[in-house]
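A, B, C and D label the chains in the order they appear, each numbered from 1.
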Amino acid sequence: MMAEPTAPTTAADPSSTRPPARRRVAPLLAPGLLWIAVAYVVPGLLVVVYSFLTPKLGGGVVWEATLDSWDQIVAKGRRSTAGWGTVGAAVLRGAAAVAVASVPAVAAARYLGRRISASLALAALFGGLVAVNHLASEYNNYTAVFARSVVWSVLATVICIGLALPLAVFISSRRSPVTKNALLIAVMIPFWTSMLVRTYAIRFLFANTGPLNNLLESLGLDRIVFLNTRFAVILGLVYTALPFMILPLYAATERVDRAQMEAARDLGARPPQVFADVFLPMVKPGLIVGGVMVFVLSVSQYLVPTLLGGGKTNMIANLLELQFGEAFNWPLGAAIAALFSVVTLASLYVTVGRRDQEQFL
Amino acid sequence: MSRRHPGTRMPKLAIGSASALVYVFFYVPVAVLVLFSFNQARTGGRWAGFTTDWYSALADNDRLLTATWNSLFIAIISTAIAVVLGTMLSLALDRRVFRGRTAAQQVVYLPVIAPEIVTGVALLAFFSLTLGRLNDMLGRSAQDAIRMGRPTIIIAHVAFCTAFVALVVRASLRTLDPSLEEAAQDLGANGWTTFWRVTLPAIMPGVLGGALLAFTLSLDNFVITFFVSGPGATTLPIEVFGQLRRTISPEVNAISTLIFGASTLLLTGALGIQSAVSRRRSRPDGDSGPDGAAVARPDAGLRNPDAGASHKSYPSNPQLIGGGKP
Amino acid sequence: MEPNHERGTVSLREVTKRFGDTLAVAAVDLEVKAGEFISLLGPSGCGKTTTLRMISGFEHPSEGRVFISGRDVTDTPAHRRTVNSVFQSYALFGHMTVADNVAFGLRVKRRDKKTIEAKVHEALDLVQLLGFQSRYPGQLSGGQQQRVALARAVVNEPEVLLLDEPLSALDLKLRQAMRFELTRLHGDLGMTFVFVTHDQTEAITMSDRIAVMDQGRIHQLGTPVDIYERPASRFVAEFIGEVNMLEAAVVGGDGARTEVLLPSGHRLTCAPVGADGLSPGAPVVIAVRPQRVLLAPEGEIDPGGHAVVTGELRELLFLGDSTRGTVRLADGSELVATRYNEAGTHPFGLLRPGDRVDAGWRHGAACLVE
Amino acid sequence: MTKSTRISGTRGLLLRLLAVLAVFAVVSAACGNDDDDTTADAPATQAPAPTEPPAPEAPAPTEAPAPTEPPAADEPVSGRCGDPARLGDSINFLNWADYIDVAVLDMFEEECGVSVTMDTHVANEEAVAKVDAGNSGYSLVIVTDYAVEIMSSQDLLQPLDMGEIPNVANIDPNQMDPYYDPGNVYSLPYQYSTTGFAFDVTAFDTPPTSYSAIFDENPLCGQSSLLEDQREVLGAALVYLGYDWNETSQAAHDEALELVLDARDCVTGFDSANYIGNLASGEVLAAQSWGFAAGIAYLDNPNIRYIIPDEGGTIWQDNFLIPADAPDPYTAHVLINYMLEPDIGALITEFTIGYTPNLLVPPLLSDGYYEVVSGTGLELTDEIRDRLVWQVRSEEHSIFADTWSQVIAAG
């Protein structure tokens, strides 16, 4: 009977909408919507306006319109020590990465009995990321920071998925709802203590003279520099954002119909096939929501690169902080922020896609 | 293709150990800070003997206590407002049809996807602009001027908390059988009664989950708070960030340990209550799973083997954390 | 026409419902008598649930008016209507006990405690669930939940009880038992039941009248016998029970009977179509229920009292309580006949697949306009 | 029976929420109580904490304030609290994080009845931005030299009324009339110090004397750090290359950038936050450092030494300021004067391990303080002073931010 449209999803013809429902929307919607609009939309527009104004020594702006900030962003894009050689090197590295990645990808595709072209596309994506990453590390400009932030955040998102998936499956396969909630709460509890303090504890653990390196040394291994490296920053990103992947992914896993997976097994699918063809599509909404949250959280992280990157491994937020802080160049900061927001939102829009977006929203 | 089911134990083991690893990942840093709070050495690193001195020192550390109180106060108020606004928003977005719904949706979830640092900066610009104008308009002098502080922090926190609450509550609204509300109306309940007696209890797990998330986010927010705080409104993360210039004082570890302990107790207590409630509402082995098979009951007329099947799609199971997603 | 003011009547006047561009219900007129058990029967998406929801107040008609007990309730919100519903998903309140679920409507109407307690007791007694008061819905079986939902609705003594596929979530045996239960309840309570279903057996066995719907329209409204024996359209005939459809053309006839010619060359007589017959040449369809079709060796059926066609017996299928024979006519169309099996005898005598057979039925099988 | 079940069912959910609130209420009540208790005994217990002696032989620097304490508690308010009629009840004070012994604030509150709400900043720019935003609510702000110039140029400050600050007579003339505030119209010195180079003496055969230890031949790759401060890092690079510390030419900056980027691979990080603890724990063995910070690290690790490299370093001074829109300028004047009292100044300097601009303070400082200063090598001789420059900041110095953004972009 579900075919009868009982809840149309688009704004319906006014005459067919029940008058009472119409009336009640505004009081429900207005307070929250206004609040968010005041705190987000208006200031957001202000940022755009600021990017066209003149900087003032001491912070803030002088209300004189200028294109300087945008000019500077473009100029900084040009003032780069890298040349075509770098681009060539990036292409070579990317190609090598594609070659290396496609071997296991094709093998996996054959094993899973799936189309090889999809695996090749994945390998190509990987190669593209490697190439972009190479460019990011060579180009000495804002683009580099942007690219780096995006690449690291994507990496953090992938790692978060890798860690959260087994955990979500583990939790949702517990039988008692109380155990489930206990495990979920155990995910949340550490986050009630200040993230700064926990990050400081991570610093201690990974320090050159910290317990981990002491352990390595006592095992007769060399000490490894963990802190202020990409490793530390990505670890920090994962640590900070992981719960935001676990919760939605768990919610999605909880709704997975086990019978379908059993049916797939019954039809002769191997476990990895069941995972890829049945399980993953079913938890896709959770992956999307979690992925979006982790990505956004990571790409704009300030504390993690500051505390664990030690000023040597920086992300966009550090650049913004410089302009709004020491540099006293709010308009340039605003321009970077505006560009950054556009890049983030656009990349989300492109990757998530319209249909899934509807699911997310 | 031959069937192959060996190693069914293997993935289970792998999943279990991977999960254990995640918990280790979460808790080792916490363990370190708990340990440090009992360490005699002032600067971390070496263990200089057990002490509870830092806890007594904490009692005298006004700055830290004030900052903690500020954080809690702001988190509680923001969460309270956000839960109301977020729930209302999710009801409007999920239960009503209106023009511009998509646009409203996009605005509501803006805080979820807007980079924090941009928001902080934008809010600073916005508040310094508007508060200045406001003070001029009201003719406030320097003494009684409206300025940044707890109110501005709360305005900012409520905004992003509302979005997260709306997200989580909407997820539980989506799994809610819409005819539940219709049934209430059908039985003569008006909008209010329906909401209070039927909808709210049914989505309570989502609402609580949203509140929990909002509270966590508000309590731990640094970047946005940093930009919009004012005199006397230093929160714990900001205080700690200031301390990082030297080294985190053991008192910070002590208060973090206390917060950790309190939240553990609190949530464990909540869990206990929840398990009692859910045990009362359903048979021992689950009220929703396919394994909630019917036990033969002293049923006067008709006996049937289909228990559980019918309400499976709309579990009333009070799950504390509703998850972030449909 | 003045709507009937008797308590328990429902009138739909030219009720139309559109969802965007979709026409869900198209100008439906329906008069439900007081105390009647009426079914809205039709396939998925035919508009029957939407029609029901316009009576209960969950949908507002795009056009037309809805009357309950003679009062125009078109603009009355659901919670002020004197009707109650049993939902397909039962929609029991999971956080309330059985007793609280049943008492909900009375509490909302602020009845006094004593009355509530007495009525809840009575209602639970009615559905044979006494002793389950303090259970939660999660602890009940599907059938029990179903009966709680019933009790919750009838305890309010609604003028009309609306049931939206209440049996569809139950398994076969339980469904059959619940049919009796519902019929019994209807008898006991004497209130008007509007019952939505896509299951023709349910509709036929329980209803006083059936409204067969498709694509937002009521195709036929009548007693189960009317609907079964004299389907008004090909859709109704096909939807209710199994039926043979034979294409034919009118060749003559009068007000009492219609002469038609089958493509296979047979001339038949069937019940009249319309008031004054049809002009020769008009295409019609003959609808014959399989159990009305006799099979016999060629030439053995008396063409006087019967309409007869001839063909080849393709197969005989044993169905347990009956046997089903399929006959292929000269033009390739097939005709099905069923016979109840009786102990020790072959239902179709000595007929075997491959035999040339006569298939015949008494004159008066339905003729339908195409 | 049915009813009670139902209610407790709903209450279960409510309870959960209430329980959350209840615990916080308890916590907050505890905070409230503590507020009342602290004032009495805070000064005694608070002071020692940050400068706890690392080794028994180092006399605790914190014993010093003790003799000054009794008069503080018992003396009549007279000279130290200004005019009671004009004095406010409370004052908002914006200071560097971890830059004052909070006992001072408690003493002021007890002695003069003014409660001080101190907020902290971690960058001058942050303080400037807050004041610049208007109606910051702060009556007293402490920022470093160049920030004073910026704020006065933006008309964010009000002139100080020296008549209300008699203790101005105590201030070292060397620290007065600075480039950033000629004639001390808007500011008075709070503490000052230098920026140089700190290292663990056991890590070097011959202690370094030049920035080459960081920029050219860093012997401690992975165990040394530079400050996270565009002006200090680029300034050091510029003087190492033979330019002026405040050089703004593009060519010089291109060179400096290259130098810093080369050094970048070897230092563990650009770090203004953790390096003090890192020096103390041995995580880092050499670091560009603020003078006072080297002293603090010395407290935990007596092998720490501090030098101003041959090429030079910076001298900087933190200052009292009263914003133009300060809610209570009078009380701010009184508080400034209070902090310029010798005993209070001693408390502050003992805590910060900076240099005091107050000529009456040095005799009051403890042996422990002097032990740290001489042990670390923090003495400010004339020879060293000659190598120090002030950081200047004006519009054209925005090139530093441009260059620095390249450093940030690099990794």
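A few points about this structure:
FYI, contacts are C-beta pairs under 8 Å (C-beta built on N, C-alpha and C of every residue); 3 or more make two chains touch, one makes a residue touch a chain.
Everything numeric in this text was worked out from a predicted model, so none of it was measured.
Comparing chain C-alpha centroids with the centroid of the full set of protein C-alpha atoms picks out B as the closest. Simply put, of A-B and A-D, more C-beta pairs touch at A-B.
Of all chains, the one whose CA centroid is most distant from that of chain A is C.
Chain centres here are Cα averages; for chain A and chain B they lie 20 Å apart. Distance between chain centres (mean CA atoms), chain A to chain D: 36 Å.
Distance between chain centres (mean CA atoms), chain A to chain C: 55 Å. One inter-chain figure worth recording: chain B and chain C are separated by 51 Å, centre to centre, where each centre is the mean of the chain's CA atoms. Across the assembly, chain B contributes residues 44-45, 128, 201, 204, 241, 244, 274, 280-281, 317-318, 320 that each touch 2 or more other chains. Residue positions of chain C touching 2 or more other chains: 58, 77, 88, 95, 136.
Multi-chain contact residues, meaning those touching two or more other chains, occur in chain D at positions 5, 9-10, 129, 132-133, 273-274, 281. Chain contact summary for the complex, chain B toward chain D: residues 42-46, 57, 59-60, 62-63, 65-66, 68-69, 72-73, 76, 124, 127-128, 131-132, 135, 140, 142-149, 201, 204, 208, 211, 215, 229-234, 239, 241-247, 249, 262, 265-266, 269-270, 273-274, 276-277, 280-281, 318, 320. Residues 55-60, 76, 137, 140-142, 144-145, 203, 207-210, 225, 227-228, 306-307, 309-314, 318-319, 322-329 of chain A touch chain D in their complex.
Listed in rising order, the residues of chain C touching chain B in the complex are 56-58, 77-80, 83-85, 87-95, 104-105, 108-109, 128-131, 136-146, 152-153, 156, 169-171, 173-174, 177-178, 181. The touching residues of chain D, when paired with chain A in their complex, are 123, 125-126, 128-129, 132-133, 150-151, 153-154, 156, 222-223, 225-226, 228-231, 264, 267-271, 273-274, 278, 281-283, 394-395, 398, 400-401, 404-406, 408-411. Remark: chain A residues 6-9, 11-12, 17, 21-22, 24-25, 28-29, 31-33, 35-44, 46-47, 50, 60, 163-164, 166-167, 169-171, 173, 175-178, 180-182, 184-202, 204-205, 207, 209-210, 239, 242, 244, 246-248, 250-252, 254-255, 258-259, 265, 268, 270-271, 285-286, 289-290, 292-293, 296-297, 299-300, 302-303, 307, 316-317, 320-321, 324, 330, 333-334, 337, 340-341, 344-345, 348, 359-361 touch chain B in the complex.
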